[in-house]
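To keep things clear, I will list the structure first and then write my remarks on it.
The first chain written gets the first letter, and so on, giving A, B, C, D, E and F; residue counts start at 1 in each chain.
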């Protein structure tokens, strides 16, 4: 594997220079994935923002009514709508892994309307993408529609929270020109 | 002052039922403002998300190259572009207070291009709003333009981070239909 | 109160130099408001256009099936959609005064979908904003929907006329960079 | 010629029932054109609005720094951008007559960027269409560009005023579904 | 008739220099129309593309479930939505000729929603324009709606194919700045 | 490999039932790729359209100033902008094969502005995507910019032609819900 620079518009710090809690997190992630996902090196540019960003991400993954596969589906549908190279590729890999499906990620990246998902997940993605592309038009009826598909209010908060967080994340990736590791392009295919 | 419900689409918890760290934060905010800003009661619906949200917000306010007035200007320009009632009004009050300017907030809510700001701040707001409205088109040249106006790369990361975070925040406010306290409408006028 | 220049992109005439009918109108408005609303000084740049503009405005206010509060609600919803600083602030004050409601104007400026209005007025604002943002898609069904909410055809013409007129007015305000008087920002709060 | 109904969504009054000043104006227009342009019968639905509308139109035509051909070019470029059937066709005929050019109107209806106009008129139409399609982005630089092409500030006000007025007019035509007389389709070809 | 250059951004070849099959086709078209439609001279710039372009066009016209009038209606609605001067005018003439209707083309150029068409053709044009303006949102429901109006699946393929082909054609006309012959502006009026 | 249906909204013909020239072409493609690309089975629904579609495609590939890698880059940038699942994946594979680059296709699918391409190819893709997303604004200056990067007028015609053709192709794929073969997702990675 060739190394890909984690981002091109801000300096990437040396790992040794980082605070211990960041190094520990980076080591954990590296062990889990077999390589260091570039987003951790990019956010390490600002340790306080690193902690805030991954703290929020952890909360969304850990305290949720959604399955991990649902979370990753939302992330890729939102990132596809936002044209985000980093998140399309890195979370596309996670959709393949958690979804045990080699095709779904490429479908969601292109156009979630053409993805092979059931009606319940289509409704979930409709809200996530509406909150991304025309958020000022989201109204009670949009939430009610998810309830008809069996989502609780708590779960709806979670759908919206994941979508909202990746509207932050996609923008930071674009600002910094974050680049996904080469490994993500093939993981789970 | 009439009480305004913090949000209409999710249940608002009783303060007494909240974990102690949330109650402490809410008490601090209440003491500082003279009333409890509704956003704290809204996020208390999900304590882990409350901690993550305000943890990120604190990092943006505390570890930054920007003045607080600049941060609030970015927030209101982004929120105006996103049509966010809660943030327009609550952070509009903060623009008036930190900026010592009774008119600037209403200008930024309407159209940051018509606001009375110098060229340096105009460039700062151009990036923040571009990252909001057409983020996929942000490129190196957009960052370079801020450097010409004296912003460091670190400061540019901060401009982008505040804009990105309020793209999260505005979406959560719209999802939940968060409503600003009556007090915010007149503070600092 | 600091004086705010009525506009920045065209010269503002001296009141004494104006034709008598303009001076009379300006005096009346000044007496009514307690200050001279800047829009009158801006349009005085071209007396024939002043007469035409306020003549149309008067017809819309005087020969109408709508209440004054409804008219001002339409104006602020349209001006918010058009990002018009002058009209947001000046007519926002009128919404507060005629509506006897300190919050509604800030809601309409941000996003009329989140405003505290009943279903009848929501339908009214839906037409006004559709005629503003995607006018080529207005069809008979849009008018029929207002009839279901009790608006007569005459009233629908009036809703559309107010919306259409402020699509003119917002554009002239943007062209000239018209600035609302400081007083409007606090009137009726 | 088959008669075309002046509009389909509001009742068209009988000419005999109209106030005398309206009848006089309609007679004058009928004499000038050889037929009664439908817009006069449509606005006659509300005599006070008829007076206001044509009063404004007259001011724009009579007190102006622009030639009549320039005014009609602006009208058709704006109406084309707004997809307005009535104004495309009726004012398209006037472009042919005042411009002594059988092709220009069809060019402006389609896409003013492909019209056979000199650079000075291209700049004029750029402002008119920007004020139509993205008015919130109009700034001093847009006006300055017209000055470079020899337009005075007064003339720039006029360019903007014609564009703004037809943003009103196009919306009323769409609301009412106004239909141009059959004659306009062939006049001046 | 003044000659209008077929296009301004690429050289137009001399007819004599063209391969024989192109000359034959051009002669046939000239005989049929009484003049040489400029699109044939424009595409002759690249003979292999000429054959491909008109080969596709011929297939759409000859192997179809649609009437020629329906095909031309789709073309002008799509070209109007795409602001294409060449196709508006040249195919507008064909709408007049095949539709035996002097007004329909100008309606379709402006706004197909205001055109005098029955509900069946309105549904047909809705799909054609949706496929033009927001193609990524076309779904099974859009096709099903045409079936309700009596279109077979084969006919729906044809509606979509004509719309898709003119999304190619309009773009080539814009790239090359193709100009319709003067004759087209008046044919069939 | 699981078989993926070539499209879901129109019937896919049995290969044996097809005219001989179609069967020959399909056999050739199958031999070349090692599997039958679904687009050939989809277009076989209408043999005359199959011939026209692939005839045009062949002309673009065979009579061109561009390299095959450049052609495939344009196709994927256009298809990414148009959110086309079929073309993103099938032509993404071709970008990997012809470009000998495992990452470029995923970059172009997401956002061609973030792709690792030189300035010359960036200019080429700028025109292709502008012709896709805002074609009515393409003007001589856009073509001149490619000349500055060494493209001849003939090459510019080719860039535009490939972009225009895939604006047809993407729309047909969306209409029919064409689905790429499973093989394309991994080819060349």
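Methods note: contacts are C-beta pairs under 8 Å (C-beta built on N, C-alpha and C of every residue); 3 or more make two chains touch, one makes a residue touch a chain.
Being a predicted model, the structure only gives us computed values, none of them experimental.
Two chain pairs, B-F and E-F, are weighed by contacting C-beta pairs, with E-F ahead.
By residue number, over half of the touching pairs seen at A-B are also found at E-F, the match among E-F, B-D or C-E.
Farthest from chain E, judged by the mean position of CA atoms in each chain, is B. Remark: chain B and chain C have CA centroids separated by 28 Å (rounded to whole angstrom).
Separating the CA-averaged centres of chain A and chain E is a span of 43 Å. Multi-chain contact residues of chain B (touching two or more other chains): 83-84, 111, 136, 174, 177. Interchain contacts (touch definition given at top) occur between A-B, A-C, A-E, A-F, B-C, B-D, B-F, C-D, C-E, D-E, D-F, E-F.
Those residues of chain F that touch chain B in the shared complex are 111, 113. Chain C contributes residues 136-137, 139 to its touches with chain E in the complex.
Contact residues of chain B toward chain C in the complex are 4, 80, 83-85, 88-89, 102-103, 106-107, 109-111, 114, 174, 177, 182, 185-186, 189. Listed in rising order, the residues of chain C touching chain D in the complex are 8-11, 45-46, 48-49, 51-53, 55-56, 58-60, 62-63, 82-84, 131-132, 135-136, 138, 140, 143, 153-154, 156-157, 160-161, 163-165, 167-172, 174-177.
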